[in-house]
Amino acid sequence: MLGEQIIKGMAVTARNFFGSYVSKERLTTVQYPEEHLVPKENTRQFPFLVYDGDDWEKGLRCVACQICEKECPPKCIYIVKSKDKKPDYKGQPQLYPLTFDIDISVCMSCQICVEVCPFESIKMDTKFELSTTDRFGDLLLTKDKLAKSNRYYQKLHPQDAADSDAVIAGEKAKATAKVKAAAEAKVKADAEAKVKAAAAAATAPIAAPVPATPPTAK
Amino acid sequence: MTALQGCLLISALLFAIGFAGAVTRRHAILVLIGIELMLNAANLNLIAFWRFGPHPEALTGFIFVLFSMAMAGAEAAVGLALIIAIYRHKKTSNLDEVKELKG
Amino acid sequence: MFDKLDQIFVTALHWLVSFLPEGLRPFVSALICIAFVMSVFPGVFALTTVLERKILGRIQNRYGPNRVGIPFTKIRLCGFGQFIPDGIKSLTKEDIVPRAADKVVHFLAPVVMLIPVLLSYAVLPFGKHMTITDYDAGLLFFFAVGGAVEVSVFMAGWSSRNKYSLLGAMRAIAQMVSYEIPLILSAVTVVMIVGSLNLNDIIAHQNQYTYGIAHWHVFTPWGLVGFVLFFIASLAESNRTPFDLPEAESEIIAGYFTEYSGFKFALFFLGEYLGMFAIIGLGITLFLGGWTSPVSFLTWIPSYVWFLSKLMTIVFVFIWIRGTLPRLRMDQLMNFAWKFMLPLALINILVAGIWHYLGAGALRWLVCSVIIFGAYAVLGRGLMHNQKFGKRIYRYAE
Amino acid sequence: MSPFFIITAVVTLLGAAFAMSLRNLVHCALAMAVAFSGIAALYLQLDAQFVGFAEILVYVGAIAILIVFAILLTRSGEAPEKSVLTSCWMAGIAVSAMVFTMLGWAVLNSSAIPKETPPAPVATVKNVGDALMTKFVLPLEIIGLVLTAAMIGAVIIALKEESKNENSGRKP
């Protein structure tokens, strides 16, 4: 019969129209500035720098190795190395960034800097409402704006933060173990050297210097 | 000058304008427009005579105008169909070029 | 008390005019009536634009505009202030006239559009004793000035020197001319039954009650069919979906007003909506009893409230249809007008005659319903059978 | 003769004059629509409402549109470069001027014209309908027949000739 399908179509739209007043399913729009969707666990927007402890300047994990700067495809990261070393310098080339800028108007949120960072210090944030009225100043995030505490990161991405904490803890443990081992080895070597020296002094004073590798070089 | 004379003068002027156009213009459609204007002048005459005449209750002029309008509609339809047919045939609607009977 | 409320506008007009000298009275009262129409219906238009967007939004499972309320405050009014920024925007936009355009005709087209549309309000009865001019041939007047809209559409399309404009104008005129015939023929049935072209007489004929139910024409077989035909034809006359080919955005941008911007575009927009209200008002007057109430115990509600609520209901249905149906093709449009609506309108005239001559009783209900239903089934089957209108068969998609 | 009547008459005559003298055919058609609207207004002032509305419905709503369509179909919307007048236009204008002077002289000097203005006659739609259905029913039927014949004729004339015109009608 002519018109049957029209009536059916009208019924569908009428259901949508009246349903939108009673059912949430038929009106899925989120009223954005007032309401926000709960972000997904895997949300990533722009990078930030993680610091441990309470003082962001001291606790910054970044060591200014400049790997992220080199890897960044749109070249939006700018780092100036410091001349001096970190106060808690532990032997490795642990400088700190004098300048660490990310131009988020250039950044394309590819997350490569996060992937390549060996020190777990650059991570992705979930903030996206970054529009400003200042085109150049406010879109260039400097070190102080980028630095966020580890607690913030833990809240943001609990799973990833736990993973990276575990990595850092493991490294720390390794390092301390190494230091300990080194210290022990040194003690041992010292003792041995002492013994040897004593023995040498006693037995062979013309012996060539022992090609013993220094314990620290191991 | 009475109202009837005024109406008749207006309609005479309208008729003259329509006639002048129909006679002087080259384009077939304009000739048709001129003829329509002349018809309307005649209609205006009829209405004026009905309005100011002795027996308006007979509605003769009134009804005549209605019929004349229907005829004008028929005339316009057929005339424009002819013009379109001629245009399709000769690729012109200029009356000076359509003066031969052979196609 | 309710009578006074019902006649409040009429008494106010008489009171206002009574201060003036005798000679000025008709002139001033005409001016006041014009001001009334010019203020009320553009207001309804402004609300309708927002309402349309909101209803379309709800149909498509989203909010429509719901932000703008009273300017400079936090009051949002569910977004019903949206027409204020819209209006300001369209009125302050630059008025662009194409270089090749025919300037005079291009300028005159929106004006010529608006004049007949506003004129057609002169004969509509908005309420009891609320007709501006009570013409003897009001219906004919309405259709006559409605015909003049086509000229303005042509002027707009031709003067823009734009192929889309011209195509849109040609489509619009072809569509308007085709659908004017079923429109007028479906109105003719009412004229036959009532025996008058005067819209107030037509309403008076419907303003009677048996068993508490009004004698609206839509409650009879011929009236129902006439109303449906009139409704469809008025959809086409006011260029609404599914008959919005003249301004099909996906094909010809905006049809005949492609080259219009700013104030002139706003005038076209206004003219289109006012034309829609006018033709809906006529449909209400002819078939839905005008300002009368459907049941006798609700007659205390003021007549203009009935008129406006019926108007807004039909406008809602228009929007609902817009949210439901896709646009027709040009050949489907013409087929529908000439092969379905015109024969059905002619049969409906016959049915109205039969209804009149069979006299009161169950017999005329039976006979008229059978004829109309049979005609509908046969004509509908013809359309469906032609595969012009029926289910589309996809060769590759399925 | 009220001032309104004179204004309408002037508008009508100007519209007619423009319709006959403008170069662009579409402008001519639009001016013609103005002239027809003016004539409808004249009818209204002569107390012939029904005819006035019918005039607008038929002439402005139908014939003007028909003419405009014909103008577009024959591609004569643009102003022609050549002269728009026929070769003997002087004679035409002279003849029409003569016609007008003669008619005007006749109108002004006729003794058959009644001097007094009768009261406005009543031509309600009911009267017109009664007259059409009783006294003038035969002309009405004939007009219906003529209109049908004209419609069929117009369709046949304007119809594309199927096979014969296939080669000659289309330019390569």
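Think of it as A, B, C and D in the order they're written, each chain with its own count starting at 1.
Note that a contact is a pair of C-beta atoms (placed from the backbone, for glycine too) under 8 Å apart; a residue touches a chain by one contact, two chains touch by 3 or more.
Just so it is clear, the model here is predicted, and its values are computed rather than measured.
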With contacts defined as at the top, give the pair, B-D or A-C, that has more of them. B-D
Measure off the straight-line distance from the CA centroid of subunit A to the CA centroid of subunit B, and report it in whole Å. 91
Subunit B to subunit D, mean C-alpha position gap in Å, rounds to 5
Find the geometric centre of each of subunit A and subunit C from their Cα atoms only, then give the gap between the two centres in Å, rounded to an integer. 65
What is the distance in Å between the mean C-alpha positions of subunit B and subunit C? 34
Subunit D: positions in contact with at least two other chains: 50, 54, 62, 69
Out of subunit A, which residues touch more than one other chain, so two or more? none
Which pairs of chains touch one another in this structure? A-C, B-D, C-D
Subunit A-facing residues of subunit C, complex: 55, 58-63, 320-321, 323-325, 340, 376-377, 379-381, 383-384, 389
How about subunit B: which of its residues touch subunit D in the complex? 1-10, 12-21, 23-27, 29-30, 32-34, 36-37, 40, 43-44, 47-48, 50-54, 56-57, 59, 62-63, 65-67, 69-78, 80-85, 87-89, 91, 93, 95-96
Taking the complex as given, what residues does subunit D use to touch subunit C? 26-27, 30, 33, 37, 49-50, 53-54, 56-57, 60-62, 64-65, 68-69, 72, 77, 124-126
The answer for subunit D against subunit B in the complex is residues 1, 5, 9, 12-13, 16-17, 19-21, 25, 28-29, 32, 35-36, 39, 42-43, 46-48, 50-51, 54-55, 58-59, 62-63, 66-67, 69-71, 73-74, 76, 80, 83-87, 89, 91-93, 95-97, 99-100, 103-104, 107-108, 113-115, 117-118, 120-123, 127-128, 131-132, 136, 139-140, 143, 146-147, 149-151, 153-155, 157-158, 160, 165, 169, 171
Subunit A residues within the subunit C interface of the complex: 1-3, 6, 9-10, 12-14, 16-17, 20-21, 26-29, 31
